[in-house]
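Common to both upcoming complexes is chain A, partnered first by chain B, then by chain C.
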Partner chain A sequence: MTAGVQSAVLFPSRKRHAGGRGTRRSRRLHEGRWGAFLLSPALAVVICFVFAPIALTIWISFHNWSMLTPITQMPWVGLSNYRTIFDDPTFRSSLMDTVIYVGLVVALTVPLATLIGMLLYFPRNRLKGFASTALFATYVIPTVAVAIVWGALYEPSYGPLAEMFKAVGLPAPAFLSSPSTALVSLVAFNIWQMLGYYTVLMIAGLTQIPGELYEVASIDGAGVVRQTFSITLPLLRRTMTFVILIALINAVQVFDPVYLLTQGGPINSTDVISYEIQRTAFEYGLAGQASAMSVSLLVVLGAVAAILLGLMRERSR
Partner chain B sequence: MSALGTASTKDLVAEDRSRTETPRRRRRRIHLSKMLISFAIGLVILFPLFPLYWLVISSLKSTHELLQAPPSWVPAHPSFGAFKEAFDAVPFAHSFFNSFAYAGTATVSVLVTSMMAGYVFSKYRFRGRDLLFWLIVATMFMPPIVTIIPLYWLISRLGLADSYLGVVLPWLANAFGIFLMRQFIGDLPDELIDAARIDGANELRILWRVVAPLMRPAVVTLGVFSFVYYWNNFLWPLTVLQTTSKYPVVLALYQLLSFNMSAQYENVVLAGALVASLPTIIVFLLAQRVFVQGIARVGVKG
Partner chain C sequence: MNHISKNRQGWRRFIKPLIAVATVASCATTTAVIAAPQVGASSPVTITYLTHWGPTQVNMLKADAAAFHKINPNITVDFQAVPFGNLLSTIDTQGPSGNGWTIAGVYDLWLPALVNGGLAASAPSADASDVKANWPANLVADVTKSGAVRGFPNEVDLYALNYNKALFKAAGIAQPPANWTELVTDAKKLTIPSKGQQGFGVITDWAAGVVHPWLSLVDSDGGSLLTGLTPNLKSRAPMAASNLYAELVKAGSTVATMSTANAETTGPYLDNFTSGKTAMIIMANWWEADLQSAMGSKFSDIGTAPIPIGPNGTKSSSVSYSWLTIVNGKANSAKQAAAWEFLQYLNGPKSGTKGSSAMGDALISMGILPSRLSDVTAHKAQLNSPFLKTYVSELPNATPFPTVLGGEQMTDTLQTAIESIDFGQASPAAAMQSAQSQISSILKSANR
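And then the complex of A and B:
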């Protein structure tokens, strides 16, 4: 399968340079073969383990399948899986949980990353380097370990966060064990782990803003606040859109802490879509419905990504 | 903290004497803003470090001390007992070996396949090149859960469920690697490669002798990224593996967590979490300057 695709795709359409061996045609063929050879390992993996599974997911979503019977014998059910999942209150509440979770992550992360990015970029301070290293370091810690650490921090009776609440005279929330606070509590896991990464992207965006703009502005008497709103933020919009996109894609994938700590509960309050898909497929054996959920997720993400990328392109013009 | 501000404050004050403000007053204002900045940066440092501090001290506490309310902020009798228990409760040491095998194989393979593909996508011209490239890049935005069902089916069909190869096979190349390498190799001048071609070097030799040596930042960035990503990956090994002796560290940690659901072993679980995070933290600290710059560079262009 891959060989056919490659030879169709790889035929070189332009001669690269003068002074090569042989005729133009043999030169092209020579380059085409090298191209196919160099591209084939990566392309084979991507086709077999990414492209083909996407196509299969779409195909399975129109069938009834438990994953136990041969895939060739699954009965076609048309759109009925889609009808079933969108009629199902559990799936609808799982969509809602996902939207709230992703919304909170993006709404908190992007302003924080912008602010911290500016803090670690503009002023001179000896601790800046250390701060960015510490902030980024959480990114490399396994999500499973992050879940365990935050599980301990959230411990309602002897954890440090409950203790801090008590210290200022507030009743300590139940964090992960109450349906009203569990989802919000999970947001902290993601922010703690990813904030450094997004901050680095924001700093990279800040380095692209020409320094002369600030010089001119300060000669004109614009202060820090004015410079931030008239130069920094408008010129950072492209980077911000990009960070929103990455944060959104990353937050939608949340699975590990839910699987490890809350199992979707209490009372389905943390039943985010990744967890719901995994549970529907591997616990309930409803691969058709789980695939319909996956396809719906892909469609929504594709639309959101297209809008954000469109915004980015428009702004960069 | 105040010492940080003074040196450069003096210069600033000297420059701006002519302003209407008295030097003294201006100096105090700058001093204050410097302190505010230092304070804010202090908070930024505290945010990632406090949970890590809690992780370290909790794993050094005894079970008895861990269950105290209010909690102690410094362990009274630090001991490594919990670490020993973590290694006794689950085959932690073996799972380390497994994780190194999975993440190591995946990282080396991703580096090789991405460099080859990135070279073709940036330096070759053929019909459909950009379409194919952007199709691959688009899959970067796809949550892995979306393909988990057919992927599991495929690996089972190949007879690779519950095997080393089954875990690693889908990890041998990834879209991010191809994307990153295409960007970095694309920045190399074409003349460099053309010159090597005229000298009669074949493409593999050019890639290995001309391109690769100039790709150190890309290799470090992608290498660290892949190692961390595959070391930390939980969903896929959870899906393919049944035999505990093949578990990577994150699954051993999960095992530890489910064995010790009762609070009295929390120090053991936390000790496990600390140990499981060490390799990626060490790799990151060793490579951090190049890695962070690399990530930033990919971000700026992407």
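And then the complex of A and C:
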């Protein structure tokens, strides 16, 4: 008996295993290549339109650039742009405006969307399809068009909202015309426009909760309130986290209503960071500083998203 | 033959055609560049004129371009109109490639940065001589940067006190205020809170609308914004104008929440004036068309008067600013040549009616003062209208807004300071102190 035959007799399964692993590995490799090939168009798009611009923005943030000169001729300034923006009271105030705006939008939108989502999902009512459509319609209308209409609604002297206040004998708020109410007025506009979208997301989350849980809870004598706090809200946590993240990102990106209605004023009270970035880059010709602002915003957003997701995972354990 | 030499041979197979293609391409490019000046004269060329003007004036320009095309069949002028708020960003983003706009109407405050970025070409000597011979010296100086004329001045704007004669009559006031003391007294008489009527209106949310009227009061008190690149905000006149605003706000004669402007530079401040809820406001001549369209027959109620003189001033002096048309220094030479040719025609005395330039006709149609001397003569009758004559008579006393690098950021910073006084959120001293320090730093950084 030769050594090879001996080995085959003594370790038959081992050889089969080795052969099987090799086949599996080559199959995996083959599948991996196909996967990479099939994913490559999407990856190329993401690299070209997401990662490359981010990398370029980070690169520009270390330079002094006005956008009027070739990008190859930007002088290197290191961290100077970051020092300048954090020393600038206007940037610091725009950061604060953004934090207040985002905080108010998230704090008001998410509970409202949850409540309306539940009101639309649970009761059996023929009108709920219509109500959902009507709510979602505000999301479909272009922001520019809606902002112009809201500008007229908010007019403090003769606008419909002011007239409503006057009709009930109350002094009309100045809405967009006062530094104390302008940002809140923009928050109200955002909630009106985005609430339908978040409500639809919440309804989608509610459909994922098994109906049997409610049946069992009812048999055990749990009422609507108990069911809401013990079943609905805990099981809606993942959807809520997603909605909070989307609402947060959407709120940070607010630009159109600020640009059209307030131009960041009065007294920079609505000068949110996206508007300040645009103003710094395109009006002041300071693209390096604007890029430093964008990178700072990206870092803050990334940190907030990581904290939110981390908290969600922690609570899921 | 080893692998390395095989690979080298393989590379050579690719490199040779590449070199050939590159050579042909570079020759073609070089030929195009060298031949470019002749193309402008003999081959068809299309240029793009970027403006923030409205449809009526763009149609006038289109008609002028069509007339020019008949004389110069090889040059076609296209137009691109954007809102004022998008004009600078469009200039910045489309200009550097040289393939976007060829001609742009620009605000003089933007000129230093555009010259720095190579986007405002020097005018050819014939055009530069034309500008020097036919425009007022202060405007020639305004469009001359780095020793070269950069374009044709067109629109010139300045400020005056606009007042509602009907409201003045109802309040028993015969004449518009000539000085700040009268301004405060009249504003108080004209304020009727129960009717939502304010005596003196200001503008907020729009940088020039906030800063220019305030600075006109500073200039009329013998002050100035800058000395060289150093702001004078803590000096007597800016402090006096800020105190005047604070006094008007405190007396209730100015209601800041009635002052908002939107991205189109219209909005509540304009609506309140046209609807008779604001008795007086300091505004530029160009809003005549807005007033006429909003007020109809009641436009005749509007009177204009020189900026009230401050306690230390000797004469009324408004801020003035101008607009000019520049040619993109990054466009190829054929387009540049065609653009200067069109601008020469558009601003020349033969393109318009009765000795005016076509540009002069377009400007006067908007109630805007033309700046070419022969245009002022040609439109003498229109410029003598009850609304415009104050502006025309005050033009020699006007103080040009300083055009410096960092000017936009400086204006926005000053806007914030003035608005904080309007809304009673900062004392005049604190607001001016903060603006002084920030603007010093902005100008230092921009002009390094």
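The definition used in the following text is that the second predicted complex is superposed on the first by the 264 of 317 C-alpha atoms of A that agree within 3 Å, B and C clash if a C-alpha of one lies under 4 Å from a C-alpha of the other, contacts with A are read in each partner's own complex, and residues count from 1 in each chain.
The definition used in the following text is that a residue touches a chain if its C-beta (ideal position, glycine included) is under 8 Å from a C-beta of that chain, and two chains touch if they have at least 3 such contacts.
This one's a predicted model, so the numbers in the text were calculated from it and none came from an experiment.
**Q** Is it chain B or chain C that touches the larger share of residues in chain A?
**A** B
**Q** Regarding the shared-chain residue A:66, is it in contact with chain B (first), chain C (second), both, or neither?
**A** second
**Q** Looking at the overlay, what does A:265 touch: chain B (first), chain C (second), both, or neither?
**A** A:265 sits against chain C, while chain B stays out of touch.
**Q** Just to be sure I read the superposition right, which of the two partners does A:111 touch: chain B = first, chain C = second, or both, or neither?
**A** Neither: A:111 stays clear of chain B and chain C.
**Q** Who does A:234 touch here: chain B (first), chain C (second), both, or neither?
**A** Once the two structures are laid over each other on A, A:234 reaches no partner at all.
**Q** Per the contact definition in the header, classify A:279: touching chain B only (first), chain C only (second), both, or neither.
**A** Second partner only, chain C.
**Q** Pick one for A:210: touches chain B only (first), chain C only (second), both, or neither.
**A** neither
**Q** Which partner does A:152 reach: the first (chain B), the second (chain C), both, or neither?
**A** first
**Q** By the touch definition above, which chain A residues appear in both interfaces, chain B in one complex and chain C in the other?
**A** Shared contact residues on chain A (touching chain B in one complex, chain C in the other): 67, 155, 157-158, 259-260, 278, 282.
**Q** In their complex, what parts of chain A are in touch with chain B?
**A** Those in contact with chain B are residues 8-14, 16-17, 19-20, 31-32, 34-35, 37-39, 41-46, 48-54, 56-57, 60, 67, 71, 116, 119-120, 123-128, 130-145, 148-150, 152-153, 155, 157-160, 163, 166, 192, 195-197, 200-201, 203-205, 207-208, 239, 242, 245, 249, 252-253, 255-256, 259-260, 273-274, 277-278, 281-282, 287, 290-291, 294-295, 297-298, 301, 305.
**Q** Please name which positions on chain B make contact with chain A in the complex.
**A** Chain B reaches chain A through residues 4, 8, 34, 37-38, 40-42, 44-45, 47-49, 51-52, 54-55, 58, 66-71, 73, 112-114, 116-117, 119-121, 124-129, 132, 135-136, 139, 141-154, 169-170, 172-175, 177-178, 190, 194, 197-198, 202-204, 207, 224, 228, 231-232, 234-235, 238-239, 249-250, 253-254, 257, 263, 266, 269-270, 272-274, 276-277, 280-281, 283-285, 288, 292, 295-297, 299-300, 302.
**Q** Using the touch definition from the top, list the residues of chain C that touch chain A in their complex.
**A** Within the complex, chain C touches chain A at residues 85, 88-89, 92-93, 95-96, 113-114, 116-119, 196, 204-206, 256-263, 267-268, 271-272, 275, 277, 406, 408-409, 412-413, 415-416, 419-420, 422-423, 425, 434, 438, 445.
**Q** Tell me, which parts of chain A touch chain C in their complex?
**A** Within the complex, chain A touches chain C at residues 66-70, 84, 89-90, 151, 155-158, 174, 176-179, 259-268, 278-279, 282-286.
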